[in-house]
Amino acid sequence: MDNLIYSLHWFYFIVMAVGALYFYSLSRNPRGVPRYEYLIAIFIPCWSGLAYLSIALGQGFLDTDSGIVYFARYLDWVVTTPLLLLALALTAMFYKKKKDKAIIGALIGADVIMILTGLIADFSSGLQTYIWYTLGVIALVVILYIIWYPLRKMAQSSSAELGRHYNRTALYLTAFWVAYPTVWILGPSGLGLTQSITEVLSFIILPIFSKVGFSILDLGGLRKIGLETGNGYDVSG
Amino acid sequence: MDNLIYSLHWFYFIVMAVGALYFYSLSRNPRGVPRYEYLIAIFIPCWSGLAYLSIALGQGFLDTDSGIVYFARYLDWVVTTPLLLLALALTAMFYKKKKDKAIIGALIGADVIMILTGLIADFSSGLQTYIWYTLGVIALVVILYIIWYPLRKMAQSSSAELGRHYNRTALYLTAFWVAYPTVWILGPSGLGLTQSITEVLSFIILPIFSKVGFSILDLGGLRKIGLETGNGYDVSG
Amino acid sequence: MDNLIYSLHWFYFIVMAVGALYFYSLSRNPRGVPRYEYLIAIFIPCWSGLAYLSIALGQGFLDTDSGIVYFARYLDWVVTTPLLLLALALTAMFYKKKKDKAIIGALIGADVIMILTGLIADFSSGLQTYIWYTLGVIALVVILYIIWYPLRKMAQSSSAELGRHYNRTALYLTAFWVAYPTVWILGPSGLGLTQSITEVLSFIILPIFSKVGFSILDLGGLRKIGLETGNGYDVSG
């Protein structure tokens, strides 16, 4: 890898550190949003930043015959993507005292399958790659179904304002998550159409928006709702 | 591996896919059985099918000096066996509003130890193999103790019908789980008495019964009980 | 490794087995302490003992260019240290019916980061080692902050006796946990000042006190409190 790519990973690490500190500062004045929402928002950039740091330090990737495999990315995603989905699900269940564990379990199960099939696809070649890639896309479709049907209904039946906030947040997440496999299939792990540098840029810019950007949007909306509705629920959970 | 073995793994993958779709279709008409029971029943064949698919694609095993180690099987078991035990424990606690997390934790802890010691045994040789194997069997004994004493008492004290259903389901699981280490010790990872093809056949037939078969039996019984007793508890959990 | 080191690991394995049996015997007469406290105390030495057994059997370490990396230790810690923190957090929340999952999540998140950065540091060299080591120490500082501020306040606001017991237990854990990175930085993975045998001795003696010793102290105090206060809460959880 050349120096530009190392610099980009350092840049990403710093953005994540700043993001974590920002969410920590928000948590000092929670405005009716439960603490676990802040905790999730803080942990995601910590974990993701460490994964990218390992790449910046020349450790989190493998030089294989079929190109560089950034396995640290998958280590990042297998933890942060379930947490992003958990944050979205908890947003939909904002007013529910008892969280729906079956839906959360289904989301996380499908997500872990999506990330692992992506990892195996990255280490595969030829037809194998496309079989695993297809299975990963099926898992993504299941996730999107859960986000846009049962979860959305839950948010909308709680309050009109929560419904609108949920729609915005879910749409934001959907747009970025659909972008990932698109970049992947166009990139060197897939069809090899775009250059490695483009792919790496995408894997710097996309995750910043889909992680720190997502939490800014989600927490911002919840803080507005939490402030207006007051302490209608237990903040301590 | 020869073509027959590849074909058998493809066959297994298809059976699991059909099983997952079947449990999904049952979940559309839950009949008083909580959704998480269906979720567990759906996730188990999805995960197990993917693990076997990796073997069918020539990826999920290693050719070592002491024979082929199918590590994908352990990746399968380390996820599906805790879920099978969770399903059984939740069956015993069918009428309990507050699930007993200590018992579930003990079951899963012992189970993870059982699977990991089995994996290490498979990568070991000589005396080491038998030490790890013995520790795995001890973990199995702990699991069977929990199944047949505290959990069984819980099911029987709830209702006579649940007690009978639990006994049937626990006996079914016990029979198949005792068969696993028996096949293992007789097979090439252990004493090497039986041929590899016999072992692989056992690792196709046994898991179909102990996974999809188990869930058919468990869900079938719960659906009968759920239908009769009505909505005596919260289905949403 | 020489025979002394193997013997020491066998010795550790036996101590852990005795510890697990001791906590099991205590659990037969719980004295108002919830069963999950015993379960955690039993599971920790089981898991840790198995990890050290793998070293005693010549399996749980790698001979690398920069010295022996005992990866089984990290496999030990990544499971047992979250459980030790969970036990301490549950002690602070002894009288709370609803456990504070946000605090437990924060503790476990920081802890997993601490162990993983330590593992990467052990496999790194030069400057990399110190970057990862520093990040691990930051995670430890976060853990100690949570232990000594929010958790301590929780324990002290519950009862004076629980507050005293919590202080004792937290101080004990803090002392041993601060000793770990000190030994590490002085040892061959870090500065290389002390000899390998000293380090191994430290990794036998320290963990016995910080695992079995911790649980003896914690359970002993809770049993005294539980006996005096009677069944003021739900033992079944």
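Letters A, B and C mark the chains in the order given here, with residues in each chain numbered from 1 onward.
Here is the rule we go by: a contact is a pair of C-beta atoms (placed from the backbone, for glycine too) under 8 Å apart; a residue touches a chain by one contact, two chains touch by 3 or more.
Given the structure is predicted, the values throughout are model-derived calculations rather than measurements.
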{"item": "Chain B against chain A, contact positions shared by both copies (same if over half, else different)", "value": "different"}
{"item": "Rotation in the CA alignment of chain B with chain C, degrees, nearest 5", "value": "120"}
{"item": "CA centroid of chain A to CA centroid of chain B, Å", "value": "31"}
{"item": "Junction residues of chain C, two or more chains touched", "value": "none"}
{"item": "Complex interface listing, chain C residues touching chain A", "value": "98, 100-102, 105-106, 109, 113, 116-117, 120, 124, 128, 131, 135"}
{"item": "Residues of chain C that touch chain B when the two form their complex", "value": "34-36, 39, 43, 46-47, 50, 53-54, 57-59, 236-237"}
